[in-house]
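Two complexes are shown next, each including chain A; its partner changes from chain B in the first to chain C in the second.
So, the complex of A and B:
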């Protein structure tokens, strides 16, 4: 177990390194921070309420657009460049490869969020915000974003074309995002099921300061499913 | 299974078939669980136990096939296809099952200051015992923390009861719905929450939900108090009957009190007229008996029946007496039983009156459960043509009276009804004088016997008649009296939650600096470091 963890860590480092050395990741990080920064400033200047709820929601919405870009190359590029062969012949299981790449993306996401910690600090300087809802809010945002990344990774494993991978993951994310709205209008049990599938629905409670175990489980399950599917997709190619 | 004693071949077959059976059974059970979930959503254990059985079967399958699942990674696969698909579905199926199982159990950690989202035991019990569907309609003004508080709290209610159907409506987007509600219940629509069950409707006024807190920027949110009370009012078994006595030239429900009637209905009550002479007794379902300004005296039997109702049968009275020249001995006797006496006067108050009309009092509120919200919200009441009341020096056993409304020092009780111009004379009663009292009664004389509200007595009925009921504090004064009498304050012992309305106070300079930092510096620095790294890599 220890050895395989080390392998995953090594791969994760390599992949994270790729992020931090690619200019594209910086461009998107800058865009993300620009948009969230703008929303934050406008919010505190107009409403003047000391809270992070709306801004945390905005972050996730913006990340919905960024996540496909961050993940689209993860699998597809290896395949296009032919480096997949190298990876495949390395003494790593398919799952270890998938996990390593996923964790690298999560590290990038968490560091990106760390840059937004400036906002609650600003609130702290000028007022007295309630700390715990901000922390639980960030937990929810990390979980939701990680789910986006797992989905993006899966989409990336389906094709060797980065752009297609990006479009596919964005479309899937969008559907899973708005499915709750469809649920709202459908009503009844069908509506309830659709709402429960929605990525946005499970995010509501975190920024309030509530941790609902079923929400945490939902995101972890969604991550597990997509990582599993990615592993399957990788295995299929490995031996076909 | 291995111990099966049948022929060798049979054992092998069963062993081989078991995983298939388990998988098939698992999926069938999952299907059944789904069907049960749709058909019997009210019986959660049905679909949950089916789901649990399905999960067990699939887990057992996964265990038996662990070799296959484990070797999956290593398997050279052409025959992979079907197997892989089944395994994939199985894994996803198990994960979905676990989620469905957990979704039912509410494992929530409320980490907010003062557990903002945790409902009291009382509310939880009320929601658990709901035996009818409730429709809740909230006309949301949108975009302020108060609105957010109300929505969050209603969401918590909805989460705990499948019978709680919540609809949040933007009145500007659906004006027809707003119009429909406007026709049903008096008062403003915007921000109101309507609780409905069958014919009953109850309006919760947003102003009732927010009270001033201890410090300047803090606000107490009494949403749970308001909503749970509304549920109790709407979902109770019997109507809350409010009988208005007639037969003594009182204000009538169909006439002068029509406005008040709809206020009462909006508060979950059913107002009816009662002619005691004809009926002979006060009906058993009478929760309240209102005497709205009788001009003629009661019959002796009526007085005795009312006394028994109030003091022996746990009834509650609202007595409103208008100034008059005629002596009404039976009514006076009834007041005496309540520890009060009404003076033969009409109150004049040069200091606290409405637009220089000496006789239109705007009295001071004494602190009491009834007046508290009026004091908090700074809502004045207007009492035109009122007489003064006083507590007896030696009230009957068990009776306590508390003054509610008081006139100013410079007021007086005018006793000369024929004088053309009112002025304070030697025969007049000197102010300050009381216009309204709350009466409590302690049944029995044991130390532990309970004190309960028994009557509210006001020296005028005109404040709820005709248009006066729409004066800012008037309807609330009456409704609060009814609520206090109904003991609803005790019923709802839910503490309001203090919430500080934190606001940022930014000077333009700081605002600009924040904008600069978040929109230019941070993204700029990110972009810059990206550029540096890119350049360094290129030049390497």
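So, the complex of A and C:
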């Protein structure tokens, strides 16, 4: 078990290294902070409310566009560069490979969010915001973003073409984001099911300071499903 | 240490490897020799567990590559056809990463990495990015990666490709060194390399092992038997019929392609390879039998086949030359 964890950590560190050793991480961070900073300033100035609710929601929406770009190379690149052969012939299970990559992307996402901590700090300086909703709000954002990353990783495992992987994951994300609309028009049980599949639906309570167990479970199981599918996708390649 | 049993691999309908079967013990170096596309890389990918065989089994250090895949993979060091490098990593960082996923214990990692970097003369570039290195350096980084966990079985796909002559000599002697107490399988399309480094050579063509023996034997087997190259004027079918009746003749092979129509109006001169059993001199009978059949003998030349010629024959002819002595 200890040995497995060490291997996953090595994979994660290598993958995270790609983000931070290339200009990619810095470009992403700069643009993400630029956009969220713009929304933060505009919203605070126009609404005069001392809260993070809408800005947290905005971060998730922006990340909807960022996640496919962050994840599209994860598997596709290994295949294109031939390094897949190194990983698949090392004593690694497909799941360890998948987990290492997923965790690297999550680490990047969490660090990106850590940089946005400057906004609640500004609120703290100039006002007296409620702390609990901000913390639970961030928890929701981390969970939702991690789900996007798991989905993107899965899309990346389907092809060796990064652009295709990116487009596929963006489309899937967008559909799951707005599937609630279809639920509303469908109504009934079908409508309820569709609404519950929506990524946006389960994000509503977190910024209110409420941690609903079913929301947490939704994101965790969505992550588990996509990681499982990615693992199967890798294993299937071996058998085709 | 390594047993490949009757391995067959189909890619859809086309066959990649057809019934490949060999075993290599510890302290042995086996060379897979064959033209490009013969199935060397496919064979190696099956041995390392990267591709599953359609039929047959591979056992590495007593572990089945499919049933007991992780254990089998632990015993293998593998240099794929293209060195599997991450261009954005430093040489040292890359080798350390492979040491980690290859389960080199933390306490020994530093020493192992230093050891392979030094053995492959990568010390001076250890802090450079792999992506900025020349082809020869990348190949050596690929070798370092295959050696870092000190594996019992080494699978090296074209290990000297891209190296300069001095490096080739160094890497060959390194492989000979490693082969003293390990099992090594390497592939190559360069004959001298295989004959210098390997104890056993498997000549592989169109997915099949057409001959497997020591380099000396492979070259010697055809020398031992007499081979004559002859030119005879006459209708090829009739000529072969006459030649095959000569006592002591083991095999007759037409070697000039046979592009002209078999039943042309004017009998053409054709070239044939005539193999005879060891110790039989068929030249007198050959002369008289052809004379009786009114087929003029235009050329008669004894052949000594080098390993190179054996290789060419085995891999370029439809039937190949049977190497049964």
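By our rule, the second predicted complex is superposed on the first by the 239 of 240 C-alpha atoms of A that agree within 3 Å, B and C clash if a C-alpha of one lies under 4 Å from a C-alpha of the other, contacts with A are read in each partner's own complex, and residues count from 1 in each chain.
FYI, a residue touches a chain if its C-beta (ideal position, glycine included) is under 8 Å from a C-beta of that chain, and two chains touch if they have at least 3 such contacts.
A quick note: this is a predicted structure, and the numbers were derived from the prediction, not measured.
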Which term applies to chain B and chain C once both are placed on chain A by superposition, clash or fit?
fit
Under the stated touch criterion, which partner chain does A:121 make contact with: chain B (first), chain C (second), both, or neither?
neither
Return first, second, both or neither, reflecting whether A:33 touches chain B, chain C, both chains, or no partner chain.
first
In the overlay of the two complexes, what angle sits at the CA centre of chain A between those of chain B and chain C, given in steps of 10 degrees?
160
May I ask you to decide whether A:10 touches chain B, chain C, both, or neither, giving the answer as first, second, both or neither?
second
Broader residue contact with chain A after superposition on the shared chain, chain B or chain C:
B
Pick one for A:111: touches chain B only (first), chain C only (second), both, or neither.
neither
Once the shared chain is lined up, is A:18 touching chain B (first), chain C (second), both, or neither of them?
second
Now for A:81: first (chain B), second (chain C), both, or neither, which partner does it touch?
second
Report for A:93: first if it touches chain B alone, second if chain C alone, otherwise both or neither.
both
After superposition on the shared chain, which partner residues are touched by A:213: those of chain B (first), chain C (second), both, or neither?
first
After superposing the two complexes, find the smallest distance in angstrom between C-alpha atoms of chain B and C-alpha atoms of chain C.
5
Do any residues of chain A touch both chain B and chain C, and if so, which are they?
21, 93, 239
Sort out for me which residues of chain C touch chain A in the complex.
45, 48-52, 70-71, 73-74, 76, 78, 80, 82, 84-89, 93, 97-98, 100-103, 106, 145
Going by the contact rule at the top, pick out the chain A residues touching chain C in the complex.
3, 6-7, 9-11, 13-14, 17-18, 21-22, 81-93, 238-239
Which residues of chain A touch chain B in the complex?
20-21, 23, 25-27, 29-31, 33-34, 36-38, 40-41, 44-45, 47-51, 53, 93-95, 115, 118-119, 122-123, 126-130, 132-133, 136, 189, 196, 204-205, 208-214, 217-218, 221, 224-225, 228-229, 232, 235-236, 239-240
Partner chain A, residues of chain B touching it in the complex
37-38, 41, 72-73, 75-77, 80, 84, 88, 91-92, 95-96, 98-99, 102-103, 105-113, 116-117, 143, 145, 148, 152, 155, 500, 502-506, 510-511, 514-515, 517-519, 522-524, 526-527, 529-531, 533-534, 537
